[in-house]
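Just passing along the structure, written as structure tokens.
The letters A, B, C and D name the chains in turn, as written, and every chain counts its residues from 1.
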Amino acid sequence: MKGILKSMMVTASTFARKPVTREYPESHRELPERDRAFPLLLWDEDINEPFCTGCHACERACPVECMTVIMKDNPNHTAHDGPSKRRKIIDSFYIDYGRCMRCNICVEVCNFEAIAMNNTWQGHETSVYDRSDLVMDLPQLLAESKAGEIQEWVAE
Amino acid sequence: MTTDETNGEAVEETPPDTFEGTLWPDVNRALSAVDVRPERGALDLIVHLPRKDVIRGLGMLKHDDELHFDYLRSLTAVDNEDEGVDVVYHLYSVSKNHNLTVKTTLANEDKVLETATTVWQAANWLEREVAEMFGVTFNGHPDPRPLLMPEDVDLSDVHPLLKSHPFAEIDVLQGEGLGHDRDAPGDV
Amino acid sequence: MSTEIFGIENVNVWVDGLIRVLLIVGFMTVVVMGLIYGERKILARFQQRLGPTRTGPMGLLQSVADALKLVGKEDLRPRNADPWTFELAPYLVFVPVFLGFVIVPFVLDWQIRILELGLLYFVAITGVNIVGWIMAGWGSDNRYAMIGGMRAAAQGISYELPLVLALVSVAMVVEVPLADGEVARGSLNLNEIVASQHEVPNIVWQPLVVVVFFIAGLAELNRTPFDIPVGESEVVGGPFVEYSGIRWSMFFLAEYAALLIMSLLFAAVFLGGWAWPAGIFTDEDWPRWAQALLVAGKASIFVFMVFWVRASVPRLRIDQLMGFSWKILLPLMLAQVMVNGLVLVYDWPEIILTVVGLIGIVALFAMVDRAVRQPRQRPASAAQLQSEAV
Amino acid sequence: MVVEAPSEFETQDLLINVGPQHPSTHGVFRMVLEIDGEVVKDLVPYIGYLHRGAEKLCENNDFRQGIGYMDRTEYLAAHNAELSYVMAVEALGEIEVPERAQWIRMILCELNRISSHFMFLGAFGIDVGVFGTPFIYAWRERETIIDLFEEISGDRMMYAYFRAGGLAWEVPANFENRVREVLASAQQGVKDFDGLLTENEIFIARTKGVGFISAEDAIEMGMSGPTIRASGVPLDIRKTEPYLFYDQLDFEPITANGGDVFDRYIVRLQEISQSIDLIGQCLERLQPGPITPERMPRMLRLPEGEAYIRTEAPRGEYGVYMVSKGGNKPHRLKVRSACLSNLQVLKQMSVGQYVADAIIILGSIDIVLSEVDR
């Protein structure tokens, strides 16, 4: 019976230790800055337009093909005496969060640093009732960055 | 599968590779009764055996006390479209700690081969998987049910890992239709 | 046909019985809900977790929430389950446990009926719920349930014997002062058993019996390490697999009510119930509320030990369980009863009982260690199957 | 009419369906047990419920995209899975991996072995019957390790952190003392488990002598990992065919010669302590330096050839056989799964034992169904 008493001593010792559980909805764990929730597009504050020029690099590199990119000519390009140097700008951009496997390849291939991984809790808490609601379109993808809540992490 | 001969024609005859660093001398001695064609792999020596005496060769390799390949590491197949299907045996010797890859080519018309379960029990499930994925029939296999594919549906002529088997279309949820009935896309 | 209840004279016997039963029902449900909540909290602490905290302050209303949920749930019956056995099984498990409360001596004269054969009545009543388990297992047309039911039957019956012998060996040596100053030995009346422990609780005289009673009690309650009929990893909930809603909650209530009775009985028979420390300080008894606290404290020791064992010990296998009861517990108990008999007949000093009890505990530990070290004996048929399969 | 009574009471064998939804099949595994009373007469395993055709998918994805699929074929130790895939690409493309990247790969793979073994201890504790305590102890340790992985790669289980030629990006600055913190809590976890289960009489009675497999049968059936080392065969690829810098570390493969469920538990418990010590040795040798080769082509094309790379994953030998016919996608990719070969032995070990034994024998092989079904 010595072994049984020993295992009861072990459970007794954990009886005295501080519980490790955390009350999730009330207290959130502090996310590391590299955390990868889902990709989202970044907003260029000073010229007030998205960085993304719709060059399809990420769409081709995505293993699960969860992105659809449509570009258009940039209305406030310098040719039409606007502030922006980008000749092309993104017209509509869909990411299907239901298919995305968060592998960060799109962020690596993007040469305009226009897409980043969402490292906030809002990026994680995306539960919906209908799978097609997981398809994020351009305004939704830009929302968080436009509101300035995203400090994206860039791998040097 | 390019072998030494094809390289030979293109460029002037390269000196036949003597495989000195590999197991080839012992393997050649062990498999003297069978015509064998060596090839240098990335890590271990590759040996090609004709279809009819693969199992005999594997038996010799296992019971040869010099080589003593008592551990069947992995058994799989590679579909080379028109050159037929290669069945690959990766062998290892626990006592001697050396490796060997044995390959044999089956023509696409009759993909039939003797079962290796007589030599190693480990081949049982691996052969079942190769059978259902590549359509190779192993004669004398103790339990030829499909391994990974569902049994209730008759999939006996569906062999997914063959190159001829198409990739499934991805049901695209994005684009105009299903996205959102938001106002005009791109309204930024 | 009138008796006195709480100072009110000539109350009709039936009304008096009814009032006492209703009191017990109220007491039992409240305490059982507390036990369920207590188990989840204590078990959580053993595992460094918090336990229920969401429902009510510190999760106190968790059992109420469970009860409401279970009442709300639809209790369905499998189509080709045997209707009568399936429906009646929960009652056959719950009612005997509830009837057991008749003889529990809470405080000096606060129990439903003082029965001369209180212990015999208790053992007989708790024997009935094994039938309920088998009916639940057999009636619900589910293979896991049937296996669970058969296991419950095997375990229930084989641990009934050490439990009964444990109670018998205590009841034998109880001193009952007779009217003419003489002292008679042996009584099955729980009140007398408790009253006899004024100075020294029975645990001092019968240490081995306490250990065996605790082990057999765990087996009767189907608690780890004997939760084989309900082992989730093997038989997925055992006989209760097909039950849901109120029927399942009756099983659940019965399990915790049985734990409550076992702990109260343990406190009464072994730790002296409401009598023990009182006898040392004053001759007459303590006030009622002090006795109640005393009994509650002693019962909670047993309950805490049950939860503690549940958090730290794995489950036995069915053959080890049977072997442990028939080959180890039963011989020890028979030896203990024989020694008690000798002490009674030849009037040896009481101290011999304690010494023999302690030797018994050492023997129990030695037997268990020897049994664990032995190579496994498997039935011949099993060994023969094994050789066939290779 | 007189019915001639059967000579001895004629009983009927019961067919139980254990799984694919069952608390102790560790995922979607199904076995049909034919039991006589409590003794298992026959066991027929069914797998394939989690078959997603990872090998076919990898043929359609280039050498960076395929890494994500490797994580998903071995979700409890994704670093070890990525390691085999990435080493196969480097072997075919003769890509030189800088030293620092190799040391970091070794540290992460050993950490993943610890977290996977803790997962085994937790699940095995519940199979044996302790209600929840080992599971929470295991989860407590596994959480600390997984939090560290999240700080490094950004994801808890599907890291996609290794790349052909090195790593995706540099580890965070406080990497070393974070690893030391995690090792300290893992040490505490091992002490807890040792106290809770190893000497517990009931645990010994339940697991000693159960599910025996001899060394010859184990080799014959192609088993690998802790399951074969528990039968006395010192087959540990980190020692027999060292890859990365395992030849610079001094350690001996942990073996036990009982070949039963208890020894498989003990081998895995000791391997956690061994991994903790190995990581300590690696940390001493870690030097600052580059983590990717200088010039890496944006779109990696591999020459023709084939390579069979095997590494020691927590469950055994995780091998990647990659055949390339030029181009940026592998022509054929075979994942050699340790659990598939270990699972073949389940019937041989379980027939003749009790139902309760069959459950813990299945638990002791420590299967991960995504690796079995791929």
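Definition applied: contacts are C-beta pairs under 8 Å (C-beta built on N, C-alpha and C of every residue); 3 or more make two chains touch, one makes a residue touch a chain.
In this text the structure is predicted, and so the values were computed from the model without any measurement.
Q: Work out which chains are contact partners of both chain A and chain C.
A: Intersection of chain A and chain C contact lists gives D.
Q: Is the C-beta contact count larger for C-D or for B-D?
A: C-D
Q: Hey, how far is the Cα centre of chain C from the one of chain D, in Å?
A: Each chain reduced to its C-alpha mean, chain C and chain D end up 43 Å apart.
Q: Would you kindly tell me how far, in whole Å, the mean C-alpha position of chain B lies from that of chain A?
A: Chain centroid spacing, chain A to chain B, equals 41 Å.
Q: Distance from the CA centroid of chain B to that of chain D, rounded to the nearest Å?
A: Taking the mean C-alpha position of each chain, the two centres sit 24 Å apart.
Q: What is the distance in Å between the mean C-alpha positions of chain A and chain D?
A: Taking the average C-alpha coordinate of chain A and of chain D, the gap between them is 30 Å.
Q: Going by the contact rule already set, what residues in chain D reach two or more other chains?
A: 133, 137, 140, 196-197, 200-204, 217
Q: Give me the residues of chain C that touch two or more other chains.
A: 46-49, 311-313, 368-369
Q: What parts of chain A, by residue number, touch at least two of the other chains?
A: Those would be 1-2, 4, 7, 10-11, 14, 20.
Q: Flag every residue of chain D that touches chain B in the complex, lowest number first.
A: Where chain D meets chain B, its residues are 47-48, 51, 53, 55-56, 60, 91-92, 217, 219-222, 233, 235, 240-241, 304-310, 317, 319, 321, 323, 331-332, 334, 336, 340-341, 343-344, 373-374.
Q: Provide the residue numbers of chain A that touch chain D in the complex, in ascending order.
A: Per the touch definition, chain A meets chain D at residues 1-4, 6-7, 9-11, 14, 20, 31-32, 34-36, 61-63, 101-105, 108, 117, 119, 153, 155-156.
Q: Across the complex, what residues on chain C touch chain A?
A: The contact residues of chain C facing chain A are 44-50, 53, 308-309, 311-313, 364-365, 368-369.
Q: Can you list the residues on chain D that touch chain A in the complex?
A: 61, 64-69, 72, 133, 137, 140, 143, 150-155, 158, 160, 168-170, 172, 192, 195-204
Q: Which residues, counting only chain B, touch chain D once they are in their complex?
A: Chain B residues touching chain D: 2, 41-44, 46, 70-74, 76, 78-79, 88, 90, 94, 97, 99, 101, 120-122, 124-126, 146-150, 160-161, 165, 167.
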